[in-house]
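You will see two complexes here that share chain A, one where it goes with chain B and one where it goes with chain C.
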Partner chain A sequence: MIAIKRSNQFYNFVSIAGVLLLWQLVVSAGLFGKLVPSPVAVFKEFIDMLQNPIGGRSLFMHLWFSIKRVLTAFITAVVTGVPLGLFMGWNKKVDAIVKPVFELLKPIPPIAWIPLAILWFGIGETPKVFICFVGSFVPCVVNSYTGMRYVDPLLIDMTKTFGATRRQQFIDVGLPASLTAVFAGLQNALSLGWMCVLAAELVGAREGVGYIITLGMDTANPAMIIVGMLIIGAVGAAIAVIVRRIERIVCPWKRGITS
Partner chain B sequence: MTDLKERRTKVEVKNLTKCYDDLLVLDDVSFEVKEGEFLCIVGPTGCGKTTFLNTLAKFIPATKGDIYVDGVPSNPMIHNLSFVFQEPSCIPWKTVEENIRLGLEIKKIPEQEIKTRVEKVINLVGLQNYRHYYPRQLSSSMEQRVVIARSFVMNPDLLLMDEPYGQLDVKLRYYLEDELIRLWKELNSTVLFVTHNIEEAVYLAERIIVLTPKPAKIKAEVIVDLPRPRDFTAPEFVKIREQVTELIRWW
Partner chain C sequence: MKALQNFLRKNILSIISLVVFLIAWQIITVYEIVPRRMLVPPTEVVELFFDKLNNPDPDGATLLAHFKTSITLALSGFGLAMIIGVPLGLLMGWYQRFDNLVRPIFEVMRPIPPIAWIPLAILWFGIGLGAKSFIIWLSAFVPCVINSYTGIKLTDPVLVRVARIFGATDREIFFKIGIPSAVPMVFTGLRLSLNSAWMTLVAAELLAATEGLGYMIQMGRRLLRPDIIVLGMLTIGLVGAILAGVLGKIEQRITMGRRM
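== the complex of A and B ==
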């Protein structure tokens, strides 16, 4: 096992080093002129951003603003979307009432809500959180709904023979059986939340990683843009790892598959 | 065990009929199950055996007729009608012990009694060292033993079994059949076992009900008055097997 782990880490290292090397070679060959900075230039920019404020705030403050927006939206989406999806999947009447409206709203890209969000909530925090919420809400509902719809009817029948009430069937079988799909939805919701925060911060934000990227564009500083993009990627991956860890704690019976 | 005729009636199935639109699947089926009886139902493939059990368990509503337990129309809220399915039905997110406890918890049995009953059954099926294992960590025979333990722990008024060993290999089936007989004797449960395997029915049952091809009706009842453990090669065993085979033959 140790040999395999070492081997995987080695391949991970080779993969990242390979991309950096290729990137450096492309830049050194001058294929894109000054439009693509070298990895070294990006790293230098990153150090510079750590040491000097950007738009009056430190890099960590900008990062904190983005995380706060995503997490606020994500938690709101989970609290509202997961129960809604579960009940839609569990109860045919709830499904019949909610599904037509949801199906209509589902295909609308979250970015399309930006103009309305600004009209409704102005240009403060609320519209940005709202856009992230719209992005996160849909996968929360869809995956919870799907998870509940695919609960093995055999297990429900089994609890029925014991005289389980609908509530007991939901708690003992429906809910835990849906958890795997729910967690897959949470991963998607986080990814979409991060996509949306960037889009939301590109419009009139004074803080956040999206603002850093916009500032990089306005000041013709591609290295700053790439630092902003890499920060989004790194934080998104870190949060995804945390969600996976939570899943392993909440669904210990799946450990053999997920580990 | 006392003679079947001397035992009191535990379950009565009266005029059970099931139609799917114009398709008649069960046609006015009536019979009794005695207390502590091991009754097997056999019939040709596709005759409606599973529909019959599902109707008995009230997973699907009967078109006509009902099932009575101790003279009262059966109701899962007040009676114990445990069901062992053909497919594995362990709950994957519950350990062996949690799976066995499930029905008792649903029935809101006091914790102390749950512990006593689970302990007894888990020892009877030999899973005491696996109580904290998840189903995915068990072999298929162990998983089926968990399901059977989960049913027996309820002290069911009627244990319905739908070809529970249909997907297992012969060796494993023989082993689990013996274990089932041991549990049935130990706990004095009333069992209704559906199978298409005539040899299995003769090996297990005290009485066999033979169904006709669809729509299923009762064609015959065969008393299996053989000593246990039964010998597949004994002339009496072979004779009853051939008698049931002849009854089931529809071609």
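== the complex of A and C ==
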């Protein structure tokens, strides 16, 4: 087992090192001119970005701006979307009333809301948060809804037999049973929110990670873009890990399935 | 007639809800509770729809031309991603050595949203067709690979062993057992990737385009014409839904009789 693991690590190392080496060689040979920076140049740019402000703000401030936007939108979406989805799944009437309008708006990608958001809210923080909200809201609703719809009817019938009120059925059976689906939704919501903030910042912003890569484009500095992309990827991956951790704490019964 | 009555009875709440939604929209816009520069009544959106069918003003192309540009781009990017991504994913899942070599690179690239590639793509390929095709291809490529990979990894080892006992070659096992058992997952991947391609297309067209549905809504914003934006958004949503529906039908056809 350990031998297998070690050989895997070996392959991983060979693969990453191989790509970096190839990348460096190709760039040094001057095949792409200035368009593709070498890995060494990218690393230097990263160090430089850590030390010097980018467009008037430090790298961490930019990161904080983006994260703040996503979190504001995400929390709003969870607070509104999850209960809405749960009630839609629980109550047929709520479902019948909300669903048609929701289904009408759902297929519109959140990014397509950007122009309207700018028209409505100007170019400050609000349109960006709004876009992220639209992106996070849909998976929150959809997954809570599906989770609630797929609650084992046997469980509900059982509690009914034992005389549980409608309210108790909802809180003690429906809610915990749909929690794993809700969490899958939260995960999607956060990663979609992260993607939307990027899109919103690309279209127009003076701060945030999206601004960093736009600045890289405007100043024809591909190294800066690549550093920005890697940071965006790292944050995205970190978000996924954190949500998974929280999920394990909140719904421990799922541990056996995921691992 | 009977069927219609039944349909009405079953969906009465939904129909009322939709009608109320549209009427509310009409009222808040007609009486300018929401100013006209922000939102226009649904009736005007419908009017604009018929007008845009053969009127290229004011955003430079008819609705059909925008649609054609976008759909060609999305489908070609998606097709190319499918042709390259699905086999790559299948091979990664099947051959351990190949997997070991390709996966680390893939894992580094995967969490970067396709939209983050837009600036680099524009820098590399300019704002023409090249940049957009690249971005859309990339956005569709990742889910294709991941799902084909997971799908073939989940092949029941018992089936593989049975085939081996009966003397099947590795090649036969791959084509007759591995691939068929991966099909449902591959389709999930295709659905995700089509969805992702369509969404990324809009983003790419917002930033760099001279035609297409994304460009149309961007022009709507510049010209302060909310009706153009709303029409564009609805078209984008509708086309996305139709694409997903068509793919779902194909999936049903192919995976018929297979349990998920």
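FYI, the second predicted complex is superposed on the first by the 225 of 259 C-alpha atoms of A that agree within 3 Å, B and C clash if a C-alpha of one lies under 4 Å from a C-alpha of the other, contacts with A are read in each partner's own complex, and residues count from 1 in each chain.
Simple rule for what comes next: a residue touches a chain if its C-beta (ideal position, glycine included) is under 8 Å from a C-beta of that chain, and two chains touch if they have at least 3 such contacts.
Everything quoted here is computed from the prediction, not taken from an experiment.
Asks: Examine A:230 and indicate which partner it touches, taking first as chain B and second as chain C; both and neither are also allowed.
Replies: A:230: touches chain C, not chain B.
Asks: Which of the two partners, first being chain B and second being chain C, lies in contact with A:108: first, second, both, or neither?
Replies: A:108 sits against chain C, while chain B stays out of touch.
Asks: I want to verify the contact counts: of chain B and chain C, which reaches more residues of chain A?
Replies: C
Asks: By the touch definition at the top of the document, which applies to A:249: first (chain B), second (chain C), both, or neither?
Replies: neither
Asks: Classify the contacts of A:116 with the two partner chains as first (chain B alone), second (chain C alone), both, or neither.
Replies: Touch partner of A:116: chain C, not chain B.
Asks: Which holds for A:98: it touches chain B only (first), chain C only (second), both, or neither?
Replies: So A:98 only meets chain C here.
Asks: Does chain B (first) or chain C (second) touch A:168, or do both, or does neither?
Replies: In the superposed model, A:168 contacts chain B only, not chain C.
Asks: Which positions of chain B touch chain A when the two form their complex?
Replies: It comes out as residues 57-59, 75-83, 85, 87, 89, 91-94, 102-103, 106-107, 134, 136-137, 154, 160.
Asks: Which positions of chain A touch chain C when the two form their complex?
Replies: Per the stated touch rule, the residues are 7-8, 11-12, 14-16, 19, 35-36, 93, 96-101, 104-116, 118-120, 194-195, 198-199, 202-203, 213-214, 216-217, 220, 222, 225-226, 228-230, 232-234, 236-237, 240.
Asks: Within the complex, which stretch of chain C touches chain A?
Replies: Spelled out, the residues of chain C in touch with chain A are 11, 13-18, 21, 37-38, 97, 100-105, 108-113, 115-120, 122-124, 198-199, 202-203, 206-207, 214, 217-218, 220-221, 224, 226, 229-230, 232-234, 236-238, 240-241, 244.
Asks: Which residues, counting only chain A, touch chain B once they are in their complex?
Replies: Residues in contact with chain B: 154-155, 157-164, 168, 172-173, 176-177, 179, 251-253, 256.
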